[in-house]
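See the structures that follow.
Below, chain A partners chain B and then partners chain C, in two separate complexes.
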Partner chain A sequence: MSSHPVTQLDDTVHQRVRLGILTILATAGRADFTYLRDTLELTDGNLGRHLDVLYDAGYVEITKTFEGRRPRTWVTITKGGRTALTGHIAALRQMIDAVPDK
Partner chain B sequence: MHIGRRLPLTPGALGRDSRYTLYDRVQVHNRLLSLAERERRDAMADSTLGDLDNLAARARRDTSIESLVLVAAGVLACFAVAVNLATSSGGYPDALHGVGSWSLALLIPLALVAIWLRLRRRESRRGVGLQSRTVGWTALWVSILFLLLGLGPILTFVLGPYPVLMGLVAIAGLRFSSRLLLGWGVVAGALGTWAGMYQFNNRFGLPTLDTALAVSIAVATLIAGIVVGVRQRNA
Partner chain C sequence: MSSHPVTQLDDTVHQRVRLGILTILATAGRADFTYLRDTLELTDGNLGRHLDVLYDAGYVEITKTFEGRRPRTWVTITKGGRTALTGHIAALRQMIDAVPDK
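Let's look at the complex of A and B:
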């Protein structure tokens, strides 16, 4: 018997903000902290915490650079992050397909 | 509890029936909660995917290179066709072969470097995108092939401007998942090559049609790039 798609959801990815971060990174390749914060309408602290979770899971890479004297944080998606996102979205689509039409 | 006995689907159906134990009642409640949770997640999945589509569309718009590539290809094609026509001699206007096409061997690598620099600046300003890296590598390879190995003059002079120019547009479409660039590169490239071969072989005597086709592809590419750019800016 096949399991319900819910069991295939990745809890790290499933959180709404983290799903948004990975989607942006998978589309654009890389983004900086400010772009992610403004696009997802988050506070610095909130975004920082979500990035830490994704970094600990090995789904993103974080690079800190300096432009002049201004620090800049670039975030890129890893291969593992891309795989996790693809699997998660596939599970979401499966769940939608499983809902019967009214 | 009776093993193998079928329990009612809802807690209400259990009623005050003494045959059902407390354990049975907890099981029915848990099953109902689990079903409700699944339904809630299914509904969430629907709206979440919509939100993700919007985010992806915005990221795509902020990193789009369609306009840049089409404008660059259009400018180069217009330049090549205009110079070819201006320098043609012997009463045979050839829009596809001549000094204009030949000069593309140098201009195409230069245009790729210009696109690379433009993208780097845009990525740094907007804080999103990594397309400049791919364009930079392409510029390096095209420069090596065209300038160091001398492939450019052969390709651009013999085949006319379109196979090379539109080939690069199609490659950009493949690399950056753009159906517009891929489609444009393939169709315009095929038409341009078709016209170029007619003219180069000098067998069919269709100079007017060939010239019209060469000019139309160049102008249409430039206009398409401008239109895409304006639409993206207004989106």
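Let's look at the complex of A and C:
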């Protein structure tokens, strides 16, 4: 018997906010810290902690730049992050596609 | 601006194992404790704790029966559980459908 897709879900990716971050990055290519924070309705500290988890897993890269004198933090998804997200989405689809609409 | 779907995800439903339990129950109608434990590769204690969370949220009902002298524990999804899961799946789809395949 093959494993249930739930056993393939990785909490690093699955956690609500981190799944949001990764889907935004995979869709948009990159996003800046302020955009992620405001879109996902987070505090600076909360977003920072989730980005640390994703960075430690090798799923995102973080680049600090200056635009004039204003610092700006860009977040991009890595190839490993994209692979992890794609596998995760496949497992999620397997689970949710089986559920009847009503 | 409407909220990002991530803000609609409820951790009671979203947590990996509980999403697995609810999708199985919504698909199969009901399942017994042993089936859930073995399919999701959990210990008795771990499954029990997740069922407690779902029960406290009003998302599952738990019925203990006897078949001959063997006790059997059935878990069914409630109407509220089905509503929560359906809304959750809609938010998840909104997030993952935007992600390109590659």
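Following the convention adopted for this analysis, the second predicted complex is superposed on the first by the 97 of 102 C-alpha atoms of A that agree within 3 Å, B and C clash if a C-alpha of one lies under 4 Å from a C-alpha of the other, contacts with A are read in each partner's own complex, and residues count from 1 in each chain.
In the analysis below, contacts are C-beta pairs under 8 Å (C-beta built on N, C-alpha and C of every residue); 3 or more make two chains touch, one makes a residue touch a chain.
All of these numbers come straight from a predicted model, not from anything done at the bench.
When the two structures are aligned on the shared chain, A:76 is found in touch with chain B, with no touch to chain C. By the touch criterion stated above, A:35 is placed in contact with chain B alone, chain C being left untouched. Of the two partner chains, neither chain B nor chain C is touched by A:49.
When the shared chain is aligned, chain C comes close enough to touch A:86, but chain B does not.
Applying the stated contact rule after C-alpha superposition, one finds that A:11 touches chain C and leaves chain B untouched.
Looking at chain A, you'll find residues 4, 6, 9, 16, 19-20, 23, 26-27, 39-40, 89, 92-93, 95-96, 98-99 touch chain B in one structure and chain C in the other. The touching residues of chain A, when paired with chain B in their complex, are 4, 6, 9, 16, 19-20, 23-24, 26-35, 39-40, 67, 72, 76, 89, 92-93, 95-96, 98-99. Every residue of chain B that touches chain A in the complex is listed here, in rising order: 38, 41-42, 45-46, 48-49, 51-52, 55-56, 58-60, 62-63, 124, 126-131. Only residues 3-7, 9, 11, 14, 16-17, 19-20, 23, 26-27, 39-41, 85-86, 89, 92-93, 95-96, 98-102 of chain C touch chain A when the two sit together in their complex.
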